[in-house]
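Consider the two complexes below, in which chain A is the common component and chain B and chain C are the respective partners.
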Partner chain A sequence: MGEFIMPSLGSQMIDAKLVQWYVKPGDTVKKGDIIGEIHTEKGLIDIEALEDGIISELRIKEGETVPVGAVMAVIDNDTAKKTESPAEISADMKMKENGKSEKPEPGLEKRERPKVKVSPLARRMAEDLQVDLNTITGSGPGGTIHKKDVEAAAAEKQKEKPVKEPEAVEKAPPPVTEREMTAPEKEIAPPEADSMRKAIAAAMSLANREIPHYYLEKNIDLDRALHWLEETNKKRSINERLLPPMLMLKAVANALTEIPELNGFWKDDALRVAEGIHVGFTIFLRKGGLVIPAILNADTKSLDEIREEFVEMVTRAREGHLRTREMSSATITITSLGERGAEKVYGVIYPPQVALIGFGSITRRPWSVNGAIGIRPVLTVVLAGDHRATDGHSGSRFLEILDEQLQNPDKL
Partner chain B sequence: MKELKQQKMTYRQAVREAMREAMIKDDRVFLMGEDVGLYGGCFNVSEGMLEEFGSERVIDTPLSESGFTGAGIGAAMGGMRPIVEIMTVNFSLLASDQIINTAAIQLYMSGGQFNVPLVIRMATGGGKQLAAQHSRSLEGWYAHIPGLKVLTPATVEDARGMLWPALEDPDPVLIFENTTLYNYEGYMPDNGSIVDISTAKVRRNGADVSIITYGIGLHKSLEAAGILAEEGIEAEVVDLRVLRPLDNETIFKSVSKTHRAVIVDEGWRSGGISAELSSRITEKLFYELDCPVERVCGAEVPAPYARHLEQASLPQPEKIAETIKQMGGLHG
Partner chain C sequence: MTKNDLEVIVKKHLHRAAPEADLDQLNPDDDLGRALDIDSMDFYTTMVAISEELKIDIPEEEYGSLRTLKRIMAFLETAR
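Right after this comes the complex of A and B.
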């Protein structure tokens, strides 16, 4: 039995209202399926199932407001295990639905092993390093998983990353659910500007109070990048055109693979470097306020995949259909004021993240080119770093690598 | 005997030097107990002190632990700084009413009017073939009592240095000297005898496991750490020094570093100080632990007289090393 609880979409979130369930008891859900919609200070958010199973109970009624952590639904995931016993399959009609997929999910098989023993430290580390304990064989007595086993698995994962890319990409596309295609027209409650303002106020006050920011800026010549974009876009249909922010987002993700210490969280007086690179980017809403969804594992995705998700997220953000995972996973944030905005953005870090990257507008400026003065499209990038977590040296190297990335757009 | 200060000396000599120094420094200090005078102490600790300080300050008492411990409490309340020697912790049971029901709570019962600046020294532990009635390690029991301080010096430096701050303490302090340690030789550091009676000390640094121990256990644990080092396992050895109040900070710091804890205690496991330590570690550091807390304790039997059986009933370096090697998740 799994309990589905009201997710937290930020340290400042206290409660949220359930707008609608998309499932009913007896429905089979898969991890990642959208099962309902909640109304938070960040607007309307789709909530996703965190595990496979069958909805056995909906505890919260539509329209009800419940605190973060409250049990909203109960998902019966024992059924997956029961499929092992043929006697029970025939006994339970619902099993058929479950048995539909011929290949059992790779994770499920392993979960059926006898209960895995994990040391408390190893369990905590696995969470931090995003290592799936079901894939580890413990070295301790009776197969107990210890710290060193998790560390080894994390190192292995790190090594395999580039090789595994295609596989990761396969998993990556966001699940487009039936509901999304046929979503009934419904009244979208106006975002509560007040509560969103309050959430921003709380997060930014916390950041300003607790995070000793340092700022580094770098002017980057975008001549090559913009030319490349122009050439590439000539070959593309209007819908598939790449935009500068997508290049920048991808360049940031790539640069973070080399400077991982900027990608993570400051928690319990220590830097916790995040395993995945989930790049959040600010989307300003027309009615005021902003949301920061994240493109998950952006370093492993192609530019086209990033473009697709980027466009989709902006659309959904404005409609109020961001998903919980997208809203709560960012490991770093990019803020950009757009094409005609200010030239520099000195941003405020979104806690508990440890860095924020501000892209100003691209302006044509006099620039030294081969010993002469030329006019070039120049972008000012400002990195805000948490000085508790990193020092200026890391930040400076990051900006250098970012520059290199943007000088070779075809390699992004 | 001044030249001894920077020399090799036995634990026994260190205790004697500490007492001599205190009696020279402060004339309110006196020693009393069974056979401490003419006989020079059951373990030969106070040899020569009767001659040096006279029978008013080195007092042989009748075999009446309750009586002379009570007299010590009275003298302390009256402004003296008595050192009461109870031959072994086994006999302190006869004085436990005085210690627990009077000394520990007099300050409270008198509404803060009378504190009891008393020091009680006693020998503890087995390993000397003194049989079941004379070989217990009951210091953990006394560590259970609020109002007492419980010291367990394990080194020459501590044996020498802990007495004076104990005498200066306004409340009753119990000092437990392990009988096996009296013949142990060590160097008195040059910086002399200034030690505290509030902290634990890391006696050996290591990254892989924390051995938390005290008294004779320190020496056995250090030996175990030597065995383990040959196999590439680096044990950190924490000498508690003080069983009440426990120095949580040092213990937690070490275990947070190594993520593994073994408690070595000659006392019995059930309800012992080892149980308290294990509990505190689990309460505070659950998410830091990479395997269960282990304990190596005295066997829960009356101490055997036969040497090989007695040795088998006590924690030994090989047993400590073996226990650690069985802990899951160690590298190698």
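Right after this comes the complex of A and C.
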């Protein structure tokens, strides 16, 4: 008997709403089957069964919001492998059990903090009101912090604020320009993108606060790669067409096999190199925000396999059908601004990952070709590295190998 | 299928890629990527969808030039 629990897609995620079940009690499911759909800060996500079995009970009703870790369903599995049941349920827990102990989500440490017990509602409220949970004594059993404790602490905090501010306003109203500058602050986030914006804000603030970034950039001549693509695509129908981002993703995965220290997580003051190379790539959503699904084990997949998954994930991302495993497994992230616009992007590492690769737009630039000046399609790649985990030397070698990979597209 | 029918199908798929864009305001010579703010992947999936619905393959030689509504329409009319 295994329990299927609400998965975590990031430490900022407190709960999620079950939108619908795709299964009913008595249904047989296989590992990887989509069994339901949840609404999270990262949009609509499909949840996958993590073991084979028969659904014996659905504990959560459609429309219900439950915290991460809550039992959503019970799966009856004939196999007597009972020992692994909780670990198999959540992708993040599974990784820990495997000894990888690293998880591509921001601020994992926070979630694991054992000292204070907090109700999910109180945790969310504390975040909204910017109250430090460590400063609160909970009134619940075993010192559990509840909503009212957070409210009390927030009220206390408000009292402590220096009264200087309102006084100043009364005495001398700020000049119009200043008021105009502060006014829009309250109106910026559209409501539907609000929770995603908050999740991005939390992860990126954590990254900028804690990760000492270093940046290295390299211009790569894509003449060969693009010619190879053109020739290859001439032999293919449109629905098998290869696009530059797919080549770049595969080249990154291959280069990481030689520089594994960029592929992993910074956790407990140490670099944990990940076993698999799961390349996350940003997909910008039209309604605002972005999602970063990952192509798992990209180094072992062929370009065509990557092509297929890439197209499928982009399509599903638009419709809100990314899957929990894709959303919680990335070991490194690629951000690409597409074919137009900025020539380089200095990205912010997605913690606890230790590197991020930014691809700018491909532009035609003067380039040294056989001792003369030629015009070539050039891509600027910017590597953001976590200086706690690696030094510029590793990063520089990575960019060199990436260049080599892209000069030999037929071998990708 | 008339030219108008073709355009309806093309616009239906462009609308899927850029739901908030007002396609009636689209100039036939506008670069679609820029006018509708669609990236190369969205553009690609849109072209695949058009190709599948009309059962017309879009060869590599043509793909790169299909940047505007006018060019797409001209290609589809000759290819159908």
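One rule holds for everything that comes next: the second predicted complex is superposed on the first by the 298 of 412 C-alpha atoms of A that agree within 3 Å, B and C clash if a C-alpha of one lies under 4 Å from a C-alpha of the other, contacts with A are read in each partner's own complex, and residues count from 1 in each chain.
Operating definition for what follows: contacts are C-beta pairs under 8 Å (C-beta built on N, C-alpha and C of every residue); 3 or more make two chains touch, one makes a residue touch a chain.
Just so you know, these numbers come straight off a predicted model, no measurement behind them.
In the superposition on chain A, A:Ser139 contacts chain B only, with no contact to chain C. Residue contacts after overlaying the shared chain place A:Lys148 against chain B, while chain C stays out of touching range. Once chain A of one complex is fitted onto chain A of the other, the partner contacts of A:Phe284 are limited to chain C, with no touch recorded for chain B.
Contacts of A:Val311 after superposition on the shared chain: chain C is touched, whereas chain B is not. In the superposition on chain A, A:Ile238 makes contact with chain C only, not with chain B.
More residues of chain A lie in touch with C than with the remaining chain of the pair chain B and chain C.
Overlap of the chain B and chain C contact sets on chain A: empty, with no shared residue.
Chain contact summary for the complex, chain A toward chain C: residues 230, 233-234, 236-239, 241, 243-245, 284, 286, 310-311, 314-315, 318, 338-340.
Those residues of chain A that touch chain B in the shared complex are 119-124, 138-141, 144, 146-149.
Across the interface of their complex, chain A is touched by residues 259, 286-291, 326, 328-329, 331 of chain B. Put simply, chain C touches chain A in their complex at residues 18-20, 33-34, 37, 39-42, 44-45, 47-48, 51-52, 57-61, 63.
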